[in-house]
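As written, the chain order gives the labels A, B and C, with residue 1 at the start of each chain.
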Amino acid sequence: MRVRRPNPLMEILRPLGQLLLFILGSSVVISGITILIAVLIRGTRTDMDLLQITLVLLPQVLIDGIVLGFMYATIALGYTMVYGVLEFINFAHGEFFMFGAFAGVELLIWMQGQGWLPADQSVMAYVFLGLAIIVGMIVSGTISVTTERIAYRPLRGAPRLVPLISAIGVSFLLQDVMRFYQSAVNGAFYRSFPTFGGFSERITLFTLPLDGRDITIAIQLTSIVIIVAGIVMLVGLNYLVNATRLGKAIRSVAQDRNTSYLMGVDVNRIIALTFLIGGALGGAAGVLWAFRFTRADPYMGFLPGLKAFTAAVLGGIGSIVGAMLGGMVLGLLESFAASYLSIFTQGAFGAEYKDIFAFAILILILIFRPSGLLGGKTTQKA
Amino acid sequence: MRMRTLLLTVFVITALLVTACAPAPEPSAPAPAATEAEAAPAEAAPTEAAAEEAAPAEAAPADAAAAGTVIKIASQTPLSGPQSVLGTAIKNGAQLALEQNGSALQEMGFTVELAPYDDQATPDTGVANAKQIVADPAVLCLVGHLNSGVMIPSMEVYHNAQLAAVSPANTNPTITERGYAEVNRIVGRDDVQGVVGETFAREEMGVTSVYIIHDKTSYGQGVAEFFRQSAEANGMTVLGFEGTEEQANFDSIITPIIAANPDLVYFGGIYSQGGILFKQAREKGVTAQFMGPDGMDSSELASLGGDAVAGMYYSSVAGPANVYPATEQFIADYEARFGEQTQPFAAQGYDSMGICLQGIAAAMEANGGQLPTREQVAAAVRATADYPGITGSVSFNDKGDKTVATYFVLQVASADPAQWNTNQVIKSLDIAAP
Amino acid sequence: MSAQSSAQLSPIQRMLKGPLGLILVFAISVGASYLFVLSPRSLIVRLLLLGSLLLIYYMPQKGWIKLLFGGVMLLIVLPYLGLFNPFLMELGFQIAAFATLALGLNIVVGFAGLLDLGYVAFFAVGAYLWAFFGSQQIWHMDEPPGTFTIYPTFPFPAWWFWPFLIVGIIAAAITGIMLGFPVLRLRGDYLAIVTLGFGEVIRVLANNLDKPINLTNGPQGITPIQRPPLPAYFTSQEFLNQLSDIAGRPISLNDIYGFFFYFVAIVVLIIAIFLARRLDNSKLGRSWTAIREDDVAAVAMGVPLRRTKLTAFAIGASFSGAMGVIYAANRTFVSPETFSLTASISILVMVILGGLGSIPGVVLGAAIVTLLNIDFLQTLSLQLSSLRQGSGFIPLTSIPWSSLPTQLDPARYQRLFFGLLLVVMMIFRPEGIIPSQRQRLELHEEPVDEPEGAVIEGEIEPDHKLEN
């Protein structure tokens, strides 16, 4: 993180521009590769025109990938902030995400019970959704800070493996705490997001012809909400870190903890704040995840957490911009792999390999570019 | 310090043991006095223990019916981890059946207890528990498991100990194909249910092309595989066959379905994924009809899937409430007893326990009111005929499958979960086990 | 190592000193065994029995005496007692198997300091290897899972199990190297995540390689898998009858295999302990320590980083490869469910709980976790459930047991328990129950809570005691 004089407007416009660039860039590159593959293996399929199918599906796959990318990016921010400051993988971040999701869903279910949630599109629907996101952020942030205080802070001087193992322990603990709570209070294992506000509506963009019928390419309202929320959070965080006093303190602690302490920065407070911000973003992502995919369960945090971490590493861990890029690339890749793998291989390999895809990318990136796509900073300090 | 504490603990335990536990540390040990007297002459050195162990396996003890003799029925299902919802449902169902129907054995002077084991959905724990279970002579019957992957290695242990096992959920053909006299199941087989679904889809719904998705579990993939085979054999076009472990994000799996444009989307798996998959598919513009196996049979499907699942079909082996009024009563009792909604396999857990209890009672009667051996119980359970279960009438064939299982195809009546019990049976087929 | 002076011994160890102590330990062992015969299913007696093994380990006696005691207990007394309760053999098998796995992981994590969160992948490699060649899977490679029939014969003879034990070791070691190569440059946290991903990759492959060629039979799992043939004497009816007479219950061929696999696992465990101890004190072991402490300094001192890390991966993996083959034969069934992340983590918990880098600690950790997992928590839950079905009251309250919600069953919260254990251990005792010398020094560099004297008093390094 470079030291520079902040210009508030620039700090809002620049990440917006970067985000746009990342989305466009990775979409174009990945689509290009996919189309190339489709052209190359076109001859192997006689029953259908592979290229045509690829092209027709492309817009939908891109939209799904971008939505997923925003979610990964938001979760990845939590990893990347904590790693930037402490050089520590907060393994339990996926569980903060899960707690946030439950908090939001529980609130909305309660509101629904009160009959407050409007069935159709209205401003109030957005207000309630926003409220749920904020509650999710508060709950996750609180848990994140508490975890830091209890399970991580006492271990700060210890060898690197020690806090990591503690984090794994916290992760297991939180999963079962939520499961216990749900089974004791609700007698359920998972909770589903209430349907309200007409969010499931699709906005038709255009139609494409395929085999004599029209394929409708549409974007759901939920997707738009997620994209907007994602942009707000990413830009907001970027602004916070790069253009405020607090951000300056965070950056200084990330650079050199001891020196910043000598300069009068309350290191413990800054670290706690970092956890608060990271956890809160995770919580918001959790609510959005439940909003999009309608379900919250105690084990929901593990895989998205792992993939978001992959995204953070992909982009260059410790860098906020990197997390955005990494999330976007990973979301798109996963979406492409799941949608096209089975079409391209005639069903021999299918969507079930998409998780492997994420891990394979992680391994490849770490081999060839351990500092990530954007990482300039050495990330392998002992 | 540490070592001292450790050793102290050991000594404290020893002391405890010597003072309190030496004669019969387990409250459940079956009336040692009675068994001892019977078996002592025949046995050598450590008579007491040997007799205690030998009693149930060999000849019937003389007066085991002494008041308070404990009979245990074990259950083995996942009670922890992600699959605990279904596992707990089986256990609770079994417990309810015991509480409601255990009185027959109580009157004969026995105390009947449920011993709920947690197999954690892993074969390791399942087998270890199985050995614990068979080592306890008071256990006469077993209800379990949820996962075929756990049942297959564990049933070797049950077979070895001649312990009757009634499976409430394992639909994998392998389980009864081994031909063990002890292993029975009250659910249909994957190879039948998949075919039932396919036949219905082809003949009644008139579909000509299908896109099959399954959940990568041995259950879901099993059903889906047989659906596919039957479809291919009968000329239906299978446009895709995909597995996914994904719980919530089905976006990228749905996109190829849109391109393939099938008449029917078949999902082999459980409602918790299915409801979300169908909902997302409909929202993304998939116009195909939906169908699934008995894993769909839960009101949760409607609350997750909403309008998307209204009107969809599912095959089932369990009788719906409006065909079997007992089911309605069961659901009410279950919710009153446990404060939870019924989940899939709860009713099967209830019936499995019922069959266990009936088997023990029958064996006891045949044995003149005495405590039967495990072998006798296993034989009695296998001989079950026309047991009026809430999931249908149960008779076992010589493999342990239901002789004639009734397979239903139902249609979801409404998107309202409260209306789940009004789902109509569209077709019912009596099919003999293969 | 010289004989320990009595000043170093704890009071209890002092009690176990000399011939009197020997007699005491002997009496406790015999007592525990006798109690076991009396009530073969009591959890307390089982714990006492295993506790007496611990006593044997801790008693300050000559190495050969302890070996003799331990050997007699493990190889003669426990199998004899296993006649009365087959669960004891299963418990012994699982403890030995997991201890071997934990020792293998200990080489990677404890010795070389490379955190591996996907260790169970190597176990899977061994298990699937024998599952594939020891079953009929090779005949079913072009059939979809779950649809084929089982034949009475197998493509390969059952005795191939023995050579495959070696093949399993080699295959797992190669997998270890394959994983090791790309991740050589990573350390610490990155390595942890990559290995975690690798573990998932292996599980997903096992779950999905039923097409295009059916290698693993997917989620259905492979069954039946052959067990190695036993000498005719052990399988003869006479022998079975003899055992049945002793045990007072019918002993079947399956029980015999229970004993057989117990012995195999114990032997493999002993070999693993022996190897691990040799490695710990070898040049290679010191190289591992060096790269664990500071790899830059290690390289500067001439330690070949690449080769040293790769051998750690390879040797660590080979332990679990061997156990995988044995596991597949024992269960006659292999499915992907066994090789979940939870399994990797619970092996890690064993290592951490016992003490990173400490061989006796790791074995003890494996015993404790396995006991908790398959015995202690289960039995506790069962007792609770039994109370709940009775009409008693919770002591000191007027609440009937039956009103205790089932949600509180201890067996349901194993993960919670393990999580808590990890956190608490990391905060209060990161060096484990039986710490290795080096770990203890490293983790208590700054004198924080323990005064200097306490560290020395009563804390002999059990690691080296057998070398007297």
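Note that in this section a contact is a pair of C-beta atoms (placed from the backbone, for glycine too) under 8 Å apart; a residue touches a chain by one contact, two chains touch by 3 or more.
This is a predicted model, so every value here is computed, not measured.
Relative to the C-alpha centre of chain B, the farthest chain centre belongs to A.
Between B-C and A-C, more C-beta contact pairs join the chains of B-C. With centres set at the average Cα position, the gap from chain A to chain B is 38 Å.
Averaged Cα coordinates give chain B a centre that lies 31 Å from the centre of chain C.
Mean C-alpha position of chain A lies 37 Å from that of chain C. Shared interface positions of chain C, i.e. residues touching 2 or more other chains, are given as 204, 207-208, 412-413, 415. For chain B, residues that reach two or more other chains under the stated contact definition are 80, 84, 88, 216, 243, 245, 338. Of all residues in chain A, those that touch two or more other chains are 176, 183, 347, 352, 355. On the side of chain C, the complex with chain B involves touching residues 10-13, 28, 31, 35, 37-42, 44-45, 47-48, 51-52, 54-55, 58, 84-87, 89-91, 94, 144-147, 150, 204, 207-208, 218-221, 223, 245-250, 252, 254-255, 258, 331-333, 335, 337-338, 340, 342-343, 373-375, 378, 381-382, 385-386, 389, 406, 409, 411-415, 433, 454, 458-459. The part of chain B that touches chain A in the complex is made up of residues 80, 82, 84-85, 88, 216, 240-249, 251-253, 255-256, 258-259, 261, 272, 276, 279-280, 283-285, 303-304, 306, 338-341. Of all residues in chain C, only 109, 113, 115, 117, 182-183, 185-190, 192-194, 196-198, 200-201, 204-205, 207-208, 211-212, 294, 296, 341, 345, 348, 352, 356, 405, 407, 412-413, 415-416, 418-423, 426-427, 430, 442-443, 446 touch chain A in the complex they form.
Here chain A touches chain C in the complex through residues 87-89, 150-151, 154-155, 157-166, 168-177, 180, 183-184, 302, 306, 309-310, 313, 347-349, 352-353, 355-356, 358-360, 362-363, 366-367, 370, 379-380, 382, going by the rule given at the top. Against chain B, the residues of chain A that register as touching in their complex are 53, 56-57, 60-61, 64-65, 67-68, 176, 179, 183, 187-190, 192, 195, 200, 202, 210-211, 213, 215-216, 218, 220, 289, 292-295, 297, 299-300, 334-340, 342-343, 347, 350-352, 354-355.
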